[in-house]
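Listed after this line are the structures, all set down as structure tokens.
Paired with chain B in one complex and with chain C in the other, chain A is shared by the two complexes that follow.
Showing the complex of A and B:
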């Protein structure tokens, strides 16, 4: 097992290196001269050269990459094109914080609802509850967030015009701003987790050792919670990785549509202003964050499942 | 059982192997698909959507782009079958063109997936060695970007310049390219692993010992056996490509206004939800219709091509 972990840890820097290379290349190959568009109509050769030097664009591409990569290592994401000389981190630093809050809340919500719904559906297999629960979860999984948002807003609006308590349509800051975005963001992974938990629990409930436990005369409750539940949860750990991938794309949509000043919203706005270093930094940050989280879940999975530990 | 009887004539009539494959396997797989009611309905739905996208503008001639400020946010009427949006543009006309965009993007993404992803997967799985290492590594690296992130980055960085240079068509191609960037690695991986297991089977060894060349083994012995997987996964992938195109467009990175895209139509109409909820409803329904019919068709194809369910 240590070998597997070591191999994973060893390959991690190379994957991160490739991520930065690709991100750098996309930015490098981007057509157009950023300095010229930055200067607009006020063109003078001296300032042009000075800015080119400030942004390191007068260097050959490999030196630009080395600068970029060593900057990243020190937590320096580079300079914004839109706001001359301002570090990208100034622009998106707060956004990172907001997005992390939003993403964690969504992940926790999807686990907190997805797992119990999946477990109950498995225990009451083919009951009305099972069918209703799984249909709802399948819908949440299949309906894209940008379709879910108008539906929720319409319901919210009906509450509003009938004088019932309603939520703000968009914005960020107060706790009631969280409800709709977090729910929408968690919807897809919630459905996914619920369905997987159900399958995994059904699989465990069929096992011989549960029949043994029942034959021993153990109570249903004890069988379910002590014997079945814990084993059923192991595969669920693996879903966390794909769920995080859902969250990343979802972040862009949800933040943009709810005007939440997170990293997704800020980088979409910066695209409109052709401030490419921002979207580049966002890409690197998100990709590396997801990579690390995947590593953690994989290690957790190995830790939880003795079979994998032995095979490895 | 039905399998063995339908294969019988090929041995008694001594047909050449190629006609054996086309004449007997294909109808069998189609016949099996036809027994799946949901898949048939979905297939009809997909064909209808394609027909609407192709011939809709000839029947329904309203402009999808010209605004009519005297007819803003209208309900469905004889003049505007599905009403108008907040700028007075005809919703049905915009939907038809949006459908066109979705289907064209999906078609080209799958074309790239098959010609690039499936081919590389087949070659990598068959030859192994350095080629395999390179293809797998590239796929792994592209996989390291979660979700649509890489597509967003590429579409965002190249978008404005491409639009300036090549206009709407260029933008369409850029969307296609960036979306296939996130979906071809999966195709390559699937085809590669399937090829790896097939090339070890006896009939491939037999073909090789008879002196078949590599290209012949790949094309006549391995390709027919991975064709099912390619067909199924590219059909299922269409659903996510359609949704992804909508996401790119609503983020402002895909199809540019005033050209219609279903995703942008939904989000553009959302602020006017209280006045005219139908303008959100129609494009959402259209999108779900595409996604569901393609998904059910893909599931049906999977059941129909799966040799294990032949028994």
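Showing the complex of A and C:
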């Protein structure tokens, strides 16, 4: 297990290097630059060229890249173009914090609701509870966040105008600001996890070893929790990692629509503004997050089923 | 499952939960007193609080609240004294002598001197500052281009005669120079603070205007409190300006009582909510000092031919576009100057919708829909643009029989293409759908700065010698306002006849302001606070 961790961690810098090169080239090849984006419709060719020079945008791409990469090696993410010389870390540091909070909360919520609902549905297969639960979960999975948000807002607004307790429609800083975004962000993975847990639990419950357990006279509760549940969780753990990636991309929409100062918000904007240092840094951060999550997933596999051996 | 393994699994879950709880921050206390909440939409944060570095309307809105200039605009868009109590203009119209208010102080209590004014103007032009608005708006000051080019460090045309007297010398007489000085790049910052902390001052600036910064919560909001040293200090307790990327979100916050003003930045109330909003006493609406238009590349076929440009202009039914397609959220226009801007009171004989005349113009140009070749309209993907260009395409198809190809581009890519078209028109785009909004309320900002031969914004390289002569005379004419406006009007008529631009409509800005908010004027230039001390929320209303 230690070897797996070490090998993965060793490969991390190389993965990051490739990611920075690819992101850099894509950014460099995209039409336009931060100066044009900043100047908008006011065109002043002389000032434009002067500013390109000042920001080093007139250098060949490899020189710009080497400048950036050598900064990165020293832990310096560079300076933002758009936010006039503010260090990138200063810009995204707080945002990362907020996005991680939001993502974790959504992950916890989707696991805390998705798994029990799935298990219960499996145990009570084809009951009214099973049908209602799975319909709800399928709906949550299928409805995209940009549809779910207006629906929730409309409901919330009805509460507000009728003087009932309501939530803020957007914003950040107070506990009640969390409710809607976390729910929206967790909705899809909650639905997916619930359905997957149900299917996988049903599959496990049909297995021979459980029939044997039953034949031995073990109590149902013990069979379910001690013998079935753990094996049923393996496929669920498998999807947790992709669903983290899903949460990360989901934050783009959710953070923008709920006006939350995370990095999803910032990364989308920096693409439109060609703020290369910010684009680079957010991409690298997200990539590292996904890589680490994959590693955690692999380790969890081994924990759940000792037969599984993960190749580094 | 063995109990040790299940405990480990539980531990992983608890670890996740614990990490999450650790990251929670304590809740900050809410401010007491009258707190005005005014949303700044379309951004997630302000680029900078240095007036020389601000680059978008949102930034300049905040800059305008923080810093004073020599002059500013009143509610009727007249230039009025701000930090300067008065000024004199020399007979040749070249030398402006400003006298600063007596005992004028920055927010930290230090004196605002002529030195600060000169330093601020120079700073806005200095290439190392990295801004671009200074070189654009202050270029008329003698020596401005040398400072901007880095060949001089002192601005020759700006002299601090004594502590309270600033003398600005300009290169050519100009009726709009004072208007240009109302723009953000001419605001006054504290030289002492900026020199003491060249990189950090802008995060917590000493201010010269009605407000100062209490807190700038990056990515969330900026909280302003009155600057008691300003000559017209506000009386409200705080002004909180949350940054809200999405107009829909701002609208939702407004209707649930979390904002007092929304929509004054960027796109206003989202179009789908306008019918609901119109019923509210909070609703305010005005045509903006902006025009949406189709620009043509005048250097390559087919639009190097004036008759083809006329045919395309005559084939557009702007009333249908404005009323049926855009639901009356815009005002159709046949002219370059927006409704309400000085100079627009003089009439223009526009090219109104006439399909027969359009076909005749195309015939006169000697082309048919078959021989005209490929015609492409390029546009940036944003807001209603898609809808508008689709309708234009349909109208050209129906009324001229010409099939126009639409080329959608992401906004910055669109800017890049326009820039290339300006630099190398022969390989540039054929036509484009764009917008221009006033930086200051003067016809020069539209007529001369957009369509005079080879000026930086004339992307389509429209050129007419008579037009140039008229605007050149008008630009330097001072004193005789009526004649100056007439010159612009004559020039505008030429540009309309020759379709330098094909103007389509003036967008309306629809915003929401609580009826209790007093002291705000709303016009084509946006929200203006004519008297900061009168800005308040009246409890009785």
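The rule is short, and it goes like this: the second predicted complex is superposed on the first by the 245 of 312 C-alpha atoms of A that agree within 3 Å, B and C clash if a C-alpha of one lies under 4 Å from a C-alpha of the other, contacts with A are read in each partner's own complex, and residues count from 1 in each chain.
Quick note on the criterion: a residue touches a chain if its C-beta (ideal position, glycine included) is under 8 Å from a C-beta of that chain, and two chains touch if they have at least 3 such contacts.
The structure displayed is predicted, hence computed values, not measured ones.
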Partner chain(s) touched by A:46 [first = chain B, second = chain C, both, neither]: second
Chain B versus chain C, judged by how many residues of chain A each one touches: C
First, second, both or neither for A:157, with chain B first and chain C second: both
Which superposed partner A:174 touches (first chain B, second chain C, both, neither): second
Which superposed partner A:190 touches (first chain B, second chain C, both, neither): neither
Which superposed partner A:204 touches (first chain B, second chain C, both, neither): neither
Partner chain in contact with A:273 - chain B first, chain C second, else both or neither: second
Touching partner for A:23 - first (chain B), second (chain C), both, neither: first
Contacts of A:257 with chain B and chain C, given as first, second, both or neither: both
Touching partner for A:109 - first (chain B), second (chain C), both, neither: neither
Contacts on chain A seen with chain B and repeated with chain C across the two complexes: 30-32, 153, 157, 256-257, 272, 274
Residues of chain B touching chain A in the complex: 140-141, 144-150, 152-154, 156-162, 165, 243, 246-247, 250-253, 263, 266-267, 269-270, 273-274, 277, 280, 284, 287-288, 291-292, 295
Residues of chain C that touch chain A when the two form their complex: 1, 5-6, 8-9, 12-13, 16-17, 19-20, 23-24, 27-28, 43-45, 47-48, 50, 53, 55-56, 127-128, 130-132, 135-136, 148-150, 199, 217-220, 242-246, 248-249, 252-253, 255-258, 409-413, 415-419, 422-423, 434-436, 439, 456-457, 459
In the complex, chain A residues that touch chain B: 15, 18-19, 22-23, 26-27, 29-32, 142-144, 146-147, 149-151, 153-154, 157, 161, 244-246, 248-250, 252-253, 256-257, 267-268, 271-272, 274, 276, 279-280, 283, 286-287, 290-291
Partner chain C, residues of chain A touching it in the complex: 30-33, 35-48, 50-51, 54-55, 82-86, 90-91, 94-95, 97-98, 100-101, 104-105, 107-108, 111, 153, 156-157, 160, 166, 168-175, 225-227, 229-230, 233, 256-259, 261, 265-266, 269, 272-274, 300, 303-304
